[in-house]
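Below you'll find the structure, written out as structure tokens, and then a few comments.
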Amino acid sequence: MPSLSYIAALNQALRDEMARDERVCIFGEDVCLGLTGITKGLAEAHGTGRVVDTPLSEQAFTSLATGAAIAGQRPVVEFQIPSLLYLVFEQIANQAHKFSLMTGGQASVPVTYLVPGSGSRSGMAGQHSDHPYSLLAHVGVKTAVPATPSDAYGLLLSAIREPDPVAVFAPTLLMGTSEEIDGDLDAVPLGSARTHREGTDVTVVAVGHLVPVALQVAADLADEASVEVIDPRTVYPVDWETLGKSISRTGRLVVIDDSNRMCGFGAEIAATAAEEFGLAVPPKRVSRPDGAVIPYALNLDHALLPDALELTEAIRAVLRR
Amino acid sequence: MPSLSYIAALNQALRDEMARDERVCIFGEDVCLGLTGITKGLAEAHGTGRVVDTPLSEQAFTSLATGAAIAGQRPVVEFQIPSLLYLVFEQIANQAHKFSLMTGGQASVPVTYLVPGSGSRSGMAGQHSDHPYSLLAHVGVKTAVPATPSDAYGLLLSAIREPDPVAVFAPTLLMGTSEEIDGDLDAVPLGSARTHREGTDVTVVAVGHLVPVALQVAADLADEASVEVIDPRTVYPVDWETLGKSISRTGRLVVIDDSNRMCGFGAEIAATAAEEFGLAVPPKRVSRPDGAVIPYALNLDHALLPDALELTEAIRAVLRR
Amino acid sequence: MRLIREFEEHCLEMAVTGTIVGGIHPYIGQEAVAVGVSAHLRKDDVITSTHRGHGHVLAKGADPKRALAELYGASTGLNRGRGGSMHAADVGLGIYGANGIVGAGAPIAVGAAWAARRQGRDQQVAVAYFGDGALSQGVVLEAFNLAALWSLPVLFVCENNGYAISLPVDRGLAGDPVRRAAGFGLTAAAVDGMDVEAVAEAAGRAVAACRAGRGPHFLECATYRFRGHHTVEHLMGINYRDEAEVASWTARDPLARQRARLAPAVADEVDAEIAALIAEAVAFAGSSPGSDPRDALDYLYAGMVPTRPGA
Amino acid sequence: MRLIREFEEHCLEMAVTGTIVGGIHPYIGQEAVAVGVSAHLRKDDVITSTHRGHGHVLAKGADPKRALAELYGASTGLNRGRGGSMHAADVGLGIYGANGIVGAGAPIAVGAAWAARRQGRDQQVAVAYFGDGALSQGVVLEAFNLAALWSLPVLFVCENNGYAISLPVDRGLAGDPVRRAAGFGLTAAAVDGMDVEAVAEAAGRAVAACRAGRGPHFLECATYRFRGHHTVEHLMGINYRDEAEVASWTARDPLARQRARLAPAVADEVDAEIAALIAEAVAFAGSSPGSDPRDALDYLYAGMVPTRPGA
């Protein structure tokens, strides 16, 4: 069984899709060199006509991708820092996302926004440590946060093939992980959750790098409780069916995700569960604090991130009710 | 009892605060002319040295305000369209908001972002009809959405005086409203909800222009149910104490707000209520749909906005349980 | 030009009656720009337009019937009534949309040009229209750099009508437009935007150079809007331009100037043709149905549609 | 220059050992710029800096002890350990912070200049440092326009070190920096950024002109970073600059050039002084305590603190 790293999986997805589909092209800073690892070798394989190093003009090249997409390309745009999405929020939320409805369906904008190294980078401080996927979900941009190499491969493939804009976040804390792969890699549909572990007492919904954390916690708690762990894989759209079935069955919910608490992804899951899924006891969220800005010093950085201990306590708390 | 219009209230707040505090200054497009009504007469009163017409450089003038604030000013920045917040999201969320923590408290950024005409403008279509306050709440920028002229006055005053960045949304659908005022206008603390109508059966949390809608619905339903209507007034921070007391008492919650459903303000209220306030029955949200883009044709525009009918049905539904 | 003028005159009336909701940004006075530029555009060339887009869209060949129906919010409109004045588009004709955000179209045009070259459509050009106000918008300046850097076939057309709403250009712009554009390596020139033949000549040179692979061009067209920034301005009674200034520009009405160059009989014939077209458009738009409000979210996504309702 | 160099050499070691987390963007090779410019700055002048900010911050007068403590994440650091390398600031000294976002500091400097004028501090200037890569960033170009339009006392210092990470300047920038800046009405010049006296002279002229109310200036300093873009680059073993090029620039080391101008005894004395300062800083930072993790959200708000925890 070959081992596949998370970065290699993203790289492979780009490589395969570029080979399969002439229209796929890549824009971003230092993408020819492959600075983030994800685009390594692609310029050599496909030429600098399709893998394009851009100047530091995020706004213009994001909308350039929009124009190219309308004109028939399938651009992938790489951003070196998650907070660069703030810089191009207008271009994504107000231009690319809206084009299809505003033109009455004349054209859509099949662009993939790729964000390697999202979330805390351990010591990169306030402006390099955000995890802003909830913002994209709020405005309605399809958004994936793959938790494993094979999901990274499959979701990126689907993102590129989707006729709408899709954002793909690759959390920093997963970039170094690997997975044994048996069988072929394949596309993973957007909006399909993955149940990583079945359980009967409580449903844990975990996102991105917190999926392995949740699995570890579930294993550690195995004697105490039967914990179901579900990864929604895309934070928008959400696979409400899979989540709903699980939560209705267990009646208990803990959601752990790495965005700010206020109006974050966790809020949406808890709210929908409360409205629709017949919770037996109040749900719990584990998240960053409201309005979090990640401090530089490592111990302060870590103090603000959701972790295994907090999750364990949250699970125990909902089981106690 | 003099009558005060919503626009006049905002204008008066600026006028009073500029008179009281030399440091207050205004940046924005066409603010000398007072195109949106809010800054009318201020350039005449205080000079174009303090009321500054800017070119169409939203990003630069938003951060210019940041620099000026650090240097001791109290800038108010007016944006002509709510979606211009997307354009300056980097400057607000990643610069102004983070400055205090990142510098270890050396300085903060007392800027007010004023957004007149937020939400649908009835026929202004996709790019002029958003209501993006939940985005600011998610990143942790203090955000007010006043529902009445006196609250508009009082919240804008507090926003200007607050040492942190604060956004103030003035919904289009309120801009033409008026209120009879008795007594003096005064500052309204950020983070203090206002209970507009007391009730015992269900708590309705309503935001902005949906506050009068909720009050009307509550009155119309008076024979059926006793509806408490609370306006949080600031969507961040939220006055959890007032909301919590009410919801714990009624055990029933409907939240109506004009942002997209997914990860919106309604999600936060419903999630927190489910977690902490002992709901007797599942809560309900009334909002825009997920990922909404407002179409041009009026009947399509209106179809996507939360309204009295939807609220009535939601209230009846939670009462039925 | 006559078509645009008459189309807009009709729109002004309909904005007052409320048939057209949301108002419009009238292009009246600036017609020579769109018409002069479009004289050199082919169907597969791409344009991106602005909030003041009717002229660009019609000059590029959009059907006046469907353009008007769009403004009426009809399902027969260019955008099926979903876009209205500020988003009118006809992607099949290379019209990638008016745009409600100043400057936002410029990089989209650059993207279209990039794609054309990538796809081997070497002769194709992309035109980005924008106003003088947009020259202070970061994304436009970034777009200049990308186009010049990659030598893309883009014509940037700056309609300098002297104002960004109430802000006179000299209070919005340091330096002058041509010099600014040249600083980014664009081949830049200025032209009298009130003379359709002058615009056509300058644009012709620029478009030909773009098609010949000689990189992006910039054309500043000095022009003037005869009306307020937006129809709502008339209601507000605001005023920031002095009468003499307005009069000096209306005296240079591009339609009158062009009419003077034509044989009166020819001009009359054009007028009659246009009148018929407008009448046809009005009839078409007026008799077109709206959309079912249950379909309000149609077209939100082209792929999987995950949206839940708001209540 | 020696202080910056030694400070950074120490940081490079500490980045390897992990005492400094997150790595740094070394300024080594570019010292002449910050030092030449700062020679003309007063305490109340304002600077905004970049991701590569140690040189700017130290040259403006920040205490090396507290600067190093910041990088160690100590509570005695300039930012109490909350900012680290990319956000080091000393607002009391007019240092409005390094910045993790390229170009973001430029409009902040313009704002400081605006405030200074508004408050009657006519003699004050603001300096915005940024790299060649930042010349393609919209907000920087918008900032040029605002400063020029309002004739504000801002000195824009572009450190053209030839690369934005791996992108050579001629593949990132159409035209040249001075011409681009001039297109916005800035008074623009270029200087040898490897010669501290040349920088000091050019900056002196520009700063004096700013103080005299003669509007914003732009100075392109041709320079070179001797190390990788960021310390992590060394680990990655990537390479995009050829050895001969690197060698031709290290041969022009600004420290060596300046040393040659000094009497050897004087130079040795400076070196000894600096060694003592660095030793002191290392001792200070090394013995400084960290912060209690329960205080991780301290300083998030200056006013009312509404924050709820994450669990």
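Each chain carries a letter (A, B, C and D) given by its place in the written order, and its residues are counted from 1.
The rule we apply is simple: a contact is a pair of C-beta atoms (placed from the backbone, for glycine too) under 8 Å apart; a residue touches a chain by one contact, two chains touch by 3 or more.
Please read these numbers as outputs of a predicted model, since none were measured by experiment.
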Original post:
Where the contacts of subunit A and subunit C overlap, which chains show up?
Top reply: B, D
Original post:
Taking each chain's centre as the mean position of its Cα atoms, how many Å separate subunit A from subunit D?
Top reply: 34
Original post:
Where the centres are mean C-alpha positions, what is the separation of subunit A from subunit B, in Å?
Top reply: 30
Original post:
Whole-Å distance, subunit C centre to subunit D centre, using C-alpha means?
Top reply: 43
Subject >> Multi-partner residues of subunit B (at least 2 other chains) >> reply: 55, 57, 59-60, 83, 87, 90, 94, 101-102, 125-127, 140, 236-237, 262, 284-285, 290-293, 295-296
**OP:** Send over the residues of subunit D in touch with two or more other chains.
**Re:** 79, 81-83, 87, 99, 101, 136-139, 142, 145, 149, 171-173, 297, 300-301, 306-308
**OP:** Have a look at which chains touch which and call the overall pattern line, ring, star, complete or other.
**Re:** complete
**OP:** Could you pull out which subunit D residues touch subunit C in their complex?
**Re:** 136-139, 141-142, 144-145, 148-149, 171-175, 179-185
**OP:** Going by the contact rule at the top, pick out the subunit C residues touching subunit A in the complex.
**Re:** 46, 48, 77-83, 87, 89-92, 96-97, 99, 101, 104, 106-116, 118-119, 126, 138-139, 142-143, 145-146, 149, 297-304, 306-308
Original post:
Along subunit B, where are the residues that touch subunit D in the complex?
Top reply: 25, 49-50, 54-55, 57, 59-73, 90-91, 94-95, 99-108, 110, 140, 142, 162-164, 189-191, 236-238, 240
Original post:
Where on subunit A is subunit B touching in the complex?
Top reply: 83, 86-87, 89-90, 93-94, 97-98, 101-102, 125-127, 130, 132, 134-135, 137-141, 236-237, 259-260, 262-268, 270-276, 278-279, 282-285, 290-293, 295-296
Subject >> subunit A residues within the subunit D interface of the complex >> reply: 29-30, 32-33, 35, 53, 55-57, 59-60, 81, 83-84, 87, 121-128, 261-262, 284-293, 295-306, 310-311, 313-314
